[in-house]
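Only one structure is covered here, and it is reproduced in the block below.
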Amino acid sequence: MDLKSLEQLLSDVKSDRLEISEALKQLENLPFSDLGFAKIDNHREIRVGYPEVIYGEGKTVEHVTKIVSHMCERGDNVLVTRCSEEMAKGVLEVCPEAHYNSHGRTISVVNTEQESSEDYIAIVAAGTSDLPVVEEAYETAKILGNKVVKVTDVGVAGIHRLFANLEVIRGAKVVIVAAGMEGALASVLGGLVNKPIIAVPTSVGYGANFGGLAALLSMLNSCASGVSVVNIDNGFGAAYNASMINKL
Amino acid sequence: MDLKSLEQLLSDVKSDRLEISEALKQLENLPFSDLGFAKIDNHREIRVGYPEVIYGEGKTVEHVTKIVSHMCERGDNVLVTRCSEEMAKGVLEVCPEAHYNSHGRTISVVNTEQESSEDYIAIVAAGTSDLPVVEEAYETAKILGNKVVKVTDVGVAGIHRLFANLEVIRGAKVVIVAAGMEGALASVLGGLVNKPIIAVPTSVGYGANFGGLAALLSMLNSCASGVSVVNIDNGFGAAYNASMINKL
Amino acid sequence: MDLKSLEQLLSDVKSDRLEISEALKQLENLPFSDLGFAKIDNHREIRVGYPEVIYGEGKTVEHVTKIVSHMCERGDNVLVTRCSEEMAKGVLEVCPEAHYNSHGRTISVVNTEQESSEDYIAIVAAGTSDLPVVEEAYETAKILGNKVVKVTDVGVAGIHRLFANLEVIRGAKVVIVAAGMEGALASVLGGLVNKPIIAVPTSVGYGANFGGLAALLSMLNSCASGVSVVNIDNGFGAAYNASMINKL
Amino acid sequence: MDLKSLEQLLSDVKSDRLEISEALKQLENLPFSDLGFAKIDNHREIRVGYPEVIYGEGKTVEHVTKIVSHMCERGDNVLVTRCSEEMAKGVLEVCPEAHYNSHGRTISVVNTEQESSEDYIAIVAAGTSDLPVVEEAYETAKILGNKVVKVTDVGVAGIHRLFANLEVIRGAKVVIVAAGMEGALASVLGGLVNKPIIAVPTSVGYGANFGGLAALLSMLNSCASGVSVVNIDNGFGAAYNASMINKL
Amino acid sequence: MDLKSLEQLLSDVKSDRLEISEALKQLENLPFSDLGFAKIDNHREIRVGYPEVIYGEGKTVEHVTKIVSHMCERGDNVLVTRCSEEMAKGVLEVCPEAHYNSHGRTISVVNTEQESSEDYIAIVAAGTSDLPVVEEAYETAKILGNKVVKVTDVGVAGIHRLFANLEVIRGAKVVIVAAGMEGALASVLGGLVNKPIIAVPTSVGYGANFGGLAALLSMLNSCASGVSVVNIDNGFGAAYNASMINKL
Amino acid sequence: MDLKSLEQLLSDVKSDRLEISEALKQLENLPFSDLGFAKIDNHREIRVGYPEVIYGEGKTVEHVTKIVSHMCERGDNVLVTRCSEEMAKGVLEVCPEAHYNSHGRTISVVNTEQESSEDYIAIVAAGTSDLPVVEEAYETAKILGNKVVKVTDVGVAGIHRLFANLEVIRGAKVVIVAAGMEGALASVLGGLVNKPIIAVPTSVGYGANFGGLAALLSMLNSCASGVSVVNIDNGFGAAYNASMINKL
Amino acid sequence: MDLKSLEQLLSDVKSDRLEISEALKQLENLPFSDLGFAKIDNHREIRVGYPEVIYGEGKTVEHVTKIVSHMCERGDNVLVTRCSEEMAKGVLEVCPEAHYNSHGRTISVVNTEQESSEDYIAIVAAGTSDLPVVEEAYETAKILGNKVVKVTDVGVAGIHRLFANLEVIRGAKVVIVAAGMEGALASVLGGLVNKPIIAVPTSVGYGANFGGLAALLSMLNSCASGVSVVNIDNGFGAAYNASMINKL
Amino acid sequence: MDLKSLEQLLSDVKSDRLEISEALKQLENLPFSDLGFAKIDNHREIRVGYPEVIYGEGKTVEHVTKIVSHMCERGDNVLVTRCSEEMAKGVLEVCPEAHYNSHGRTISVVNTEQESSEDYIAIVAAGTSDLPVVEEAYETAKILGNKVVKVTDVGVAGIHRLFANLEVIRGAKVVIVAAGMEGALASVLGGLVNKPIIAVPTSVGYGANFGGLAALLSMLNSCASGVSVVNIDNGFGAAYNASMINKL
């Protein structure tokens, strides 16, 4: 029920077209979402070109394929994350223009081109093993309509590689750092770059890495200010955050 | 050594005012920081009004008092975090214009007024026990030159209190959420607000809270996108991040 | 030995049909369970229609099939939980009327219809990935003779979905909440519903979810009163609890 | 805004006492909570005799004293949990009829007598060290208007003590079990009693008890059905749950 | 009710001195423990000289003093563990013959001398910091009527000290090993001594010792067979176990 | 070098059959183990019928088969633990008289009959899922020459089953308790049986069981005295311990 | 740009062969690494015979094969760690002189013989299951140009085996100790050997070993001085460290 | 018993001054330590100037004072670690020449000057809060006779400070790195310095630092080779290790 219908209702009461008791009932039963949550829905409105994001893990190929087909018909942009090779095949059959990023395990379909500003997101990664997280973040940021620059294999064990790429990182509006093992790259960048840094601990490593816990704790305890952290291997979440910031 | 001195050096070599061997030595011994790290220092340059931040914990009253005095003489803005009452007394003696926030355990001295834009940071907190973190974040954000709005005691156990304040939260450019116990407020806000959210787990709670671990894991695993996390009780870090974003 | 036989024994002693020494022996050797644990057994008595529950995990198909056959012959109701597809096939061969719920990994056989009151259990779940837990709880609650309403995919990331379903949840006598990731749904419902809530953390999530630990700690630390918790993914346990309460 | 004022508003519109535009404004600006959350508030409505609960930890004596005074003036029932001796003294000064339970660290004031049914809650505890949790649960359950029976010091190390008290436990409508160390009492009772059991792990123990973690994990993994768990040492939460169930 | 009273009852029934209905009532109400748990109580019967053990932690001085007085009057042996200095003073006032072991934090009173066989328990400890555990174990083993030999400060960092004492250790019937830090002594002894070894991890150490966790895990994972483990710092439990074995 | 050869050496020196310098050399080069560790070896001496124990996990079939063959040729008793089906096949080919226990994953070969006393070990287990641990313990205890009684499926969820078997458990000289989930059986038995109890936590369970951690912590924190603990699923270790005690 | 080119540049300026503006540009654009990090690169310079190390895990066979081919063409020494059998086959096809150590999961190619001093590294291991770590360390130490002595299967359960090998261990310049389970060998050796000890916890064990955590904590808490620790199963890291020390 | 006495024994046998049976007895009872552990003791022999190290924590002032007095009388060098102010006062009274380092909580007495080579140990620390660990390491390294250079406050948040000090760090023979929070400094130095690095995680930090766990895991997972780790806050252990290496 929008303001207009509300006005109509009051008008009907006034002009005796509607009994007070009936109007009362309509207002009393006013569905919660109609008034209160119109605002809530605003933030989920499908802006042009914005994708629906499908988390592929645990879903069947059939299920995902069907969703994607349906969305493409509506002209939506689509992003599937944690997408297995088998799932990708299924989607590509019904939607051949879909783009499969096997490293990032994502499928994306751009049905509506997004404009993007000159502001860009830098995705910085410590090692080649962090690639899946980098690519997931990359595809997410791209389909959300951002310019993205990737700087990979610049871990602190060979810190000169990082310095050689510092300018492009400093030029970004927001920086994503993906690192496994001890995750020191986030702290080092935090000391070198005056931009918001979103750190993604990756599960790369072994032994006392405990599935990314070492990097996670390391990043949360960063001695450099300006670093915030998302879940282990959560490239999507990092990019979603970064996109929000990049578009401010 | 800046470009100008470098030019002078080359000029001196050319005009035989300087021996090649001597020039070589100067270049060879070129202090690392002078050339390479000029850029690095840029990002730490003392912009007008920016405070130096002193982490009070583990420092002596004398030590902190001395630093603050020195900085005030230079006209710097000052922020001391994790500042005990005793430490605050010491600082106030030498610097009576200092502002002590006992809840937030901060001392701040504004020697140079900061201009701030209309963009503001919303600091949202679940319960009254999260106050110390809220106040630390508040003082940090203020002295960094931001407009700040505080919305407290809006935890999910009485979610209508949150809804009643949703408009002011949605109006912010970036949102800090401080919550202890199960930290659910971050996820709920993540689903309601389309702005970057920086979540601070607080150590409020008992039993299986494990000093803030419950809220920390909860926030890292937020089902809502757009939430990134800083260390437990790290109000300063959250505000530093938020300030970076608010000023973009 | 029940009271009646005890009376008979005393009567026999009185009327000299039984020697004191012999009576003494019978009483002395009175099997523990007969007197003391008759009461204990009461709570395990097979009430009409009550199922025997078989935990399928780690059992062989042959073993389970045999138990089910035997129970069906006796006219018992049967519930097998954590039942693999292969196990289900085996059971269906010998007991074609069995009902296999592949999502919930349960097999159930209703040999005796249960009456159920109008009181119902609401099973509320955050996401579609929590389905296995929901279905295990559903099948358990059903065969224990309860009316059940399922409300799924109402996680806090889109809280308006929850509000749209609040009435049916509030109408339940007891509520089961299944949620993975950060498990915030339990706290939010705890603040909205004045009924006992049994929370089931699910192992849905990744990274710092640590196999359901995040949701578990979150639920144990719920800031809302009225929430108690069962083991991770323990849909059966939640429904067993809820059934006890629903039948009060 | 309740139904009555809503009716008045409509009536005023009808009778031209109120302009539509003005009515619209009132409705449009209708504070969220007034309409939408009337339902929500329902569950928090102050039923006769229901207490407000104040969590004392971290609050100042002055703060708590003031709240209690205010509530007593309104004739509310009051419960303060985690109440230190000093805080109790402060409250007793302004409210001499308050009842301080030093073991349970609670202050309660009954301004309105509650009726309670014959149904009762049994609070069962393993050892004398679990007393603080027992007493917190006891005071909570009492002021919420329940009959309560306490059965303490019946830990499994001397299981005959438990059996000697089994009848009174079985007679309860719902059972609270408080146990520290290995928390085995919850499982044993779960096998003996056919009532919902709410288990409270206590932090009693040392070494590898890890502040109640051992009992917590033990209770979550109970081999007996019908056991749900609340946070470590959370006697209040257990009693709040039990009260909800006892009043069904 | 023992067999004799049971016989009397039957006899009374037979001779019409007791109505069947009355006899039935007596039998029906037969307290659980009387018949069924006579056996259970057997194992807790106070054998001559056996102490009652009082865990002092968390108890008040008055409480403990009163228990000890009462027991001494009955001529029981007494052991108080985790006994603070203040508590010891209180006990010594009312029971001057009590023996206070300040290192082991125990009070013991021997009212009835115990005979002990030639079999002895060896208590072996890694460092002088393990002394409190050693002494608690020593006093426990002594009052339970065992010969005890202490071998301390023989940690593996100077393994020759251990070898110099090997004969006396090997002569024991059962060995208690108390060690903190990495707890390696248990494994080394397990490889050298063909007797049951009860290992007590102590909380001695710092940093990644995590309150005894390092030693605990170490001992549980001992590569040597014949090592079983009790809780961290649980000298009493180790000695109780050892006493059981020593008396076989 | 045993005492006899040592005597011969001295005799040879005395009778001039051996030069002092040569004797000195023999003594000086006396391999460490020969003299110093004769005692050490004592405890590893192959007593008649004692088995060598081979931990099968991680070893190849060929490797194990070869060791077993070799030992059988020498007439040793053999025990292989953690023996896969494939490994068992390999061993049975070369040693058809070997006994494979598929539940316990053990192979045993008795080449020399052991005498055993009337003292026996009771192996008590909570559920049928604990069978692998029970059987590993059983086979270990048997080949070490012990009488063993198994009492399984007596978990505390149906405690009357335990009581029905209490006499045979109490008759044992030492008791092994295997239990997963919350491991409460160890504590309950500890309160009922006055014999040393060796508790084996099993990894049976799910969710917050964390691979046996719940049962492990539970058993370490047992409120009953007389319980010591071995590693998770370590049936062999429990039986080795029990055998040591049973033979005292 | 090395000193020589720098000198040339200056010389060219002096002799007017190069314009100042052009020289300035060259210096200004001087890539970061060229001047500043020449020193950094020094420590990574390919000294004769030094291998490039490739961490095989997560890399494709094709990728690794290509790198190895390329390096062999340049005459570099090569070490691939965590090399699967399949990967080894691929490498051996293109580089038949490569040496595959299947236990250590390493491939090494020596294209340039290394001289090594008489100083040697001792690699000591507790059990045969630690072999993979031993072999990884061995191959790493060898290709880095060290003499290595292996002493395996000398765990503390049979400590005489260790003593029999003590001389050769004491003769080493640095000692690597690999041990799983409780890792006690590191502490024992630390008390017997006056050389730097690098301890490698291995993931050998089960149950409460928690994937090497028990050994890791044990080694970090070693009561013996002189023990430092690397990551679980990190044979490569241990050997790299040891090589650095051995070459001092 | 040394070789000489052994020769005498044989000679006595030969010349009939000693009965074979008596000689046999002497050899049989040959104390373990005399022959076998002479070597062991070698490594603990008090080399000139080497200190005895006393771990002060948990010791009484009287106890420590007495040990120090005694050692000073013998002319030994002394080091007391974890020495409280009160303990220091006690020692200074009896030994005024003792040197108390209040930051490092050490007391040292140099009674015999040590010669030290030109090789030095660099102690590098991230922040001023790491000072206690730095000073403990410093005093330990000094009294063990090493040249030491301290480089503090060079954490990665301001990495240019580290680079400015790189030459002196690279000049060391072995490097100690102390860092709390996320401990990234160890990895960064590991990539910059080609010397063995001993990393000491410090407990500096808060929240998810968990008492140094974050830095510990970070350092164990260092992506740079050449880093080994000692226990949290173990400055003594790091310096002891470093001293061993520095003297090679």
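Should a chain be cited, it is by its letter among A, B, C, D, E, F, G and H, assigned in written order, with residues numbered from 1 in that chain.
Definition applied: a residue touches a chain if its C-beta (ideal position, glycine included) is under 8 Å from a C-beta of that chain, and two chains touch if they have at least 3 such contacts.
If you're wondering where the values come from, they're calculated on a predicted model, not measured in any experiment.
Visitor: Just tell me the minimum hop count from chain D to chain H, counting one hop per pair of touching chains.
Guide: Step count on the best path from chain D to chain H: 2.
Visitor: Using the touch definition from the top, list the chains contacting both chain B and chain F.
Guide: Touching chain B as well as chain F, we find C, D, G, H.
Visitor: Work out which chains are contact partners of both chain B and chain C.
Guide: Chains that touch both chain B and chain C, as defined above, are A, D.
Visitor: Looking at chain C with chain F, do both copies bring the same residues to the contact (over half shared) or different ones?
Guide: Here the answer is different, because the shared fraction of interface numbers falls below one half.
Visitor: Could you check which of A-D, C-F or A-H has the same interface as B-C, with more than half of the contact pairs identical by residue number?
Guide: A-H
Visitor: For chain B versus chain H, what separation do you get between their C-alpha means, in angstrom?
Guide: For chain B versus chain H, the centre distance works out to 39 Å.
Visitor: Using mean CA coordinates as chain centres, what's the chain C-chain G distance in Å?
Guide: So the centroids are 56 Å from each other.
Visitor: Name the residues of chain B that each touch 2 or more other chains.
Guide: 32, 36, 40, 158-159, 163, 166, 192, 207-209, 213, 216, 220-221, 225, 231-232
Visitor: Touching pairs of chains, which are they?
Guide: Touching chain pairs, listed by label, are A-B, A-C, A-D, A-G, A-H, B-C, B-D, B-G, B-H, C-D, C-E, C-F, D-E, D-F, E-F, E-G, E-H, F-G, F-H, G-H.
Visitor: Flag every residue of chain F that touches chain G in the complex, lowest number first.
Guide: 31-33, 36-37, 40-41, 44, 57-59, 201, 203, 211-213, 216, 231-234
Visitor: Where on chain E does chain F make contact in their complex?
Guide: Chain E reaches chain F through residues 36, 39-40, 43, 53, 166, 170, 173-174, 191-196, 198, 216, 220-221, 225-232, 236-238, 240-241, 244-245, 248.
Visitor: What residues of chain F sit close enough to touch chain H in their complex?
Guide: Going by the criterion above, the answer is residues 3, 6-7, 10-11, 13-14, 16, 20, 23-24, 27-28, 32, 35-36.
Visitor: Where on chain D is chain E touching in the complex?
Guide: The contact residues of chain D facing chain E are 128-129, 158-160, 163-164, 166, 204, 206-209.
Visitor: Residue numbers of chain D touching chain F in their complex, please.
Guide: The contact residues of chain D facing chain F are 126-127, 155-159, 181-184, 186-188, 190-192, 205, 207-210, 213-215, 217-225.
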